[in-house]
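Heads up: the structure comes next, in structure tokens.
Residue numbering begins at 1 within each chain, and the chains themselves are lettered A, B and C in the order written.
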Amino acid sequence: MTDIVERPQGVASRGAALGVHATEEAQKRLKRRYASEWRFRAYGLTAILISITALAVLLWSIVGQGYTAFTATTMSLTVTVDPALADPGGKRAQDDLRTGDFQGIARAGLRSVFPDVKERSDLRALYTILSNGASDAIRDRVLDNPALIGQQITVRIPVASDYDMYAKGFAAKTPKGGESRLSPKQIAWFETLKADGKIHSSFNIWFLTSGDSRQPELAGVGGAIIGSLLTLAITLAIAFPLGVMAAVYLEEFAPKNRWTDLIEVNINNLAAVPSIVFGLLGLAVFLNVFGLPRSAPVVGGVVLALMSLPIIIIASRASLRAVPPSIRQAALGLGASRVQVVTHHVLPLAMPGILTGTILSMAHALGETAPLLMIGMVAFIVDIPSGATQAATVLPVQIYLWADSPERGFVEKTSAAIMVLLAFLLAMNAIAIFLRKKFERKW
Amino acid sequence: MLATDTQTAAAPHAAHGKRVKMKATEVEVYYSEKRALNKINLDVREHEVTALIGPSGCGKSTFLRTMNRMNDVIDGCRMAGKILLDQQDIYDPNIDVVQLRARVGMVFQKPNPFPKSIYDNVAYGPRIHGLVRSREETDAVVQKSLERAGLWKEVKDRLHEGGTSLSGGQQQRLCIARAIAVDPEVILMDEPCSALDPIATAKIEELIDELRTNYTIVIVTHSMQQAARVSQRTAFFHLGDLVEVGDTAQIFTNPNDERTQGYITGRFG
Amino acid sequence: MSNEHIVSSFDEELRALHKSIMQMGGLVEAQIAQSMQAMGRRDSQLASAVVANDAQVDVLHHEIDEQVVRMLALRQPMASDLRTVVASLRIATDLERIGDYAANIAKRTLALNVSPSVKPASGVLRMGKIVQSIVNDVLDAYAERNAERADAIRARDTEVDELYTSIFRELLTYMMEDPRNITACTHVLFMSKNLERIGDHATNIAETIYYIVRGKVPDDERLKGDLSSMTAMTATGETYVADSKGN
């Protein structure tokens, strides 16, 4: 203000020779303007740097902790499938075979490697190297081919988590910061096996394919991935058509009056409701009133659909509104009916935006934990679900469960599961960006 | 001499008794409670270009849009009075608005081709109205419409490229081709050249003059020169009133009303 | 409606055009007056000055031409503006013709001054007075944009025409009486014809003024008082005026 007031006087005193924009003062003013402009940009850049740093730290800590979970320490073990242990009944029936003492076979195999170990307590200590997965591996081989009974076979079995941790170099640091969990004897045995070339490190396929387990070395996110996919499929199947239709009606057909205003306000509020409330709703309505199964993806899907519905409606309305009115007028002017205008022109043009919004809300739903806790999807589920009504868990809940587990082996599993989740989110966002770029139209 | 020209120009129309294609009687339009048009009476004669001029917000566009009921879609827009298309009230409940818009086509201010191919742009109208049954028929209609719009030579080798890839003037001619593909009787144009350069404008004006032989045209324009160049009759709107309507030559050399005079000589306000 | 254009420079140009017309009108008026004075006083010097001054009229005419073309191209005048601009062009042309006639009278004065005076010259001076007042009135009407006044002027041309017809007959008689008068009489005849033409151009200007104001030409056909073109002289020395049917 003062500048404006003072300027005429300044001009008068300096005479007509120099314009207001050619004086030294003007140069100073200009310098000040550029300086403040530069500062503004610097603030922005700083903000971006801070966020990048935060993101980098987060990723570093997750990847740093989790990448080891993608390798597994395994052991080659040659065992003799003792018919007495594998099939005490001798009928070779599948059901009988399933109940055979394959862990005993594995132990026998291990004893044969270390014939010196005789002491009972030493044997017990030796057996700890075998994971529960050992018996499963042998059983699977035998079930596939019962003729192996009585023969000598070599299996590759995962070592128990403590040894796995030792192999990966975490032995000294137990999660609770206490003593090492392995005795020097156990370490010596493990080193012997390693020296014999019986210990391998390989890509941990179990982690991606198997379900949860109490044993960290056997636990995988396979069940959680399937559970998440089933849940998301149901969410998408419900929320997408409902959301798009609601948005189309509200945006293109509904009269603008108090009722539609009210609905709009409610939709916006719904988008801001804490997700746990949707979980409570699911618990109260779907489980208690309709009696749907607990922990099932179908309930989780419906609850997440309710949660993402307002987001999809809002995103869809925004992209419908972004379709220029001139397109609607052009079609109307040609004699298209209002439904034709929407289905022929507006909806196809808005689709990339709608899909982007939908995918982002799906990504949001994928990362959601709270409402699923309320409907029991937090249960410990070992089996990989084969249908939407079976008990299942989802990735974020799995992460939550593992993060709570005390075993050192679950620390890396937790981080690895987060990495899997992030990979999924990244893929979904990439699809969203791809769709937006591909179908982006200019008018 | 100008005045005598006006009279001789006016005489043949009167003598031949050009048929009235559309007739507005006591038309009033309200947006919510605000009155946008006051008792408009206007005859649109067949095979003539009628230009609607007037300052912004005078109601000329509103009036144009009542003529094919494009105002129907605006919330709170109310209309009173009658608009006859060939003696038939277009606001009659028996009139289907979709059918009406096929008979009274519209071209908008900003070229607004659909983001589809040139071919599909033109074929869209005939397709939704079921005017074409086979691919050959569609091809024929597309070609004929583009020819009439003077665009065929320029686009015949790239019919399947996007309509939005054309230049502004070509886009507007594409929109005109799209409108005439439905074979309307009346074409309404809402400032069709306001977004175009003078050369493109000249082409559109030439096109309008050619189209006059087959269609009846009503054009809203902000450019008085354009109204003078393309129209046979000019109607001057001001503050929702139809102040004056007459032969274009008369309006531009010797308007009867003070307000018309003030507007066209640039003395308003 | 205000009388000012939104674009004020357009108003300035219109004012400048008006000023040019008034200037040209004043000059032409002076030319007529001086040529008549030169004739009445047989003042060859003044007559020469009038002839020389005609160049100034032509220069003004050119200027107005340019102003008009410029405005048509740059301002695209409409309605009353268009009429004003186009009418200015026509008025300037009429004034230029009037100027030419005045100069022609001055030239003939130079010729007359070397021969003895003829009697009907006094009638020409009277005619000159009337024509001068008409031109004066027309310019006033233009300055006021007064359609009624312009319309009234049209009637006065009849007076000039009638006077011209009578001078015409008088001169015919003189020439028949004494063929030595023929040279002088022919000059006087042309001078009176020039004055009659000036009257016609003044009437044209009056009509143009009417058109500027009203947007149309006056309805009624102008009365023609000039019957000389239908006048013949019989062998017996009687003058005879044919009617429009040729009788």
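Some notes on this structure:
Keep in mind that, in the parts below, contacts are C-beta pairs under 8 Å (C-beta built on N, C-alpha and C of every residue); 3 or more make two chains touch, one makes a residue touch a chain.
Quick caveat, the model's predicted, so the values are computed rather than measured.
At the centre of the protein atoms shown, by the Cα-centroid criterion, sits B. Among the remaining chains, the Cα-based centre furthest from that of chain C is the centre of A.
Computed from the mean C-alpha positions, the centre of chain B lies at a distance of 50 Å from the centre of chain C.
Centre-to-centre separation between chain A and chain C, using Cα means, comes to 101 Å. Once the centre of each chain is set as its mean CA position, chain A and chain B turn out to be 58 Å apart. The touching residues of chain A, counted against chain B in their complex, run 255-256, 324, 326-327, 329-338, 340, 344-345, 349, 441-443. Contact residues of chain B toward chain A in the complex are 68, 70, 73, 75, 98-102, 105-108, 110, 112-115, 124-125, 128-129, 164, 175, 178-179, 182. Chain C contributes residues 1-7, 10, 76-83, 86, 211, 215-217 to its touches with chain B in the complex. Listing the residues of chain B that touch chain C in their complex gives 2-4, 224-225, 252-255, 258-262, 264-269.
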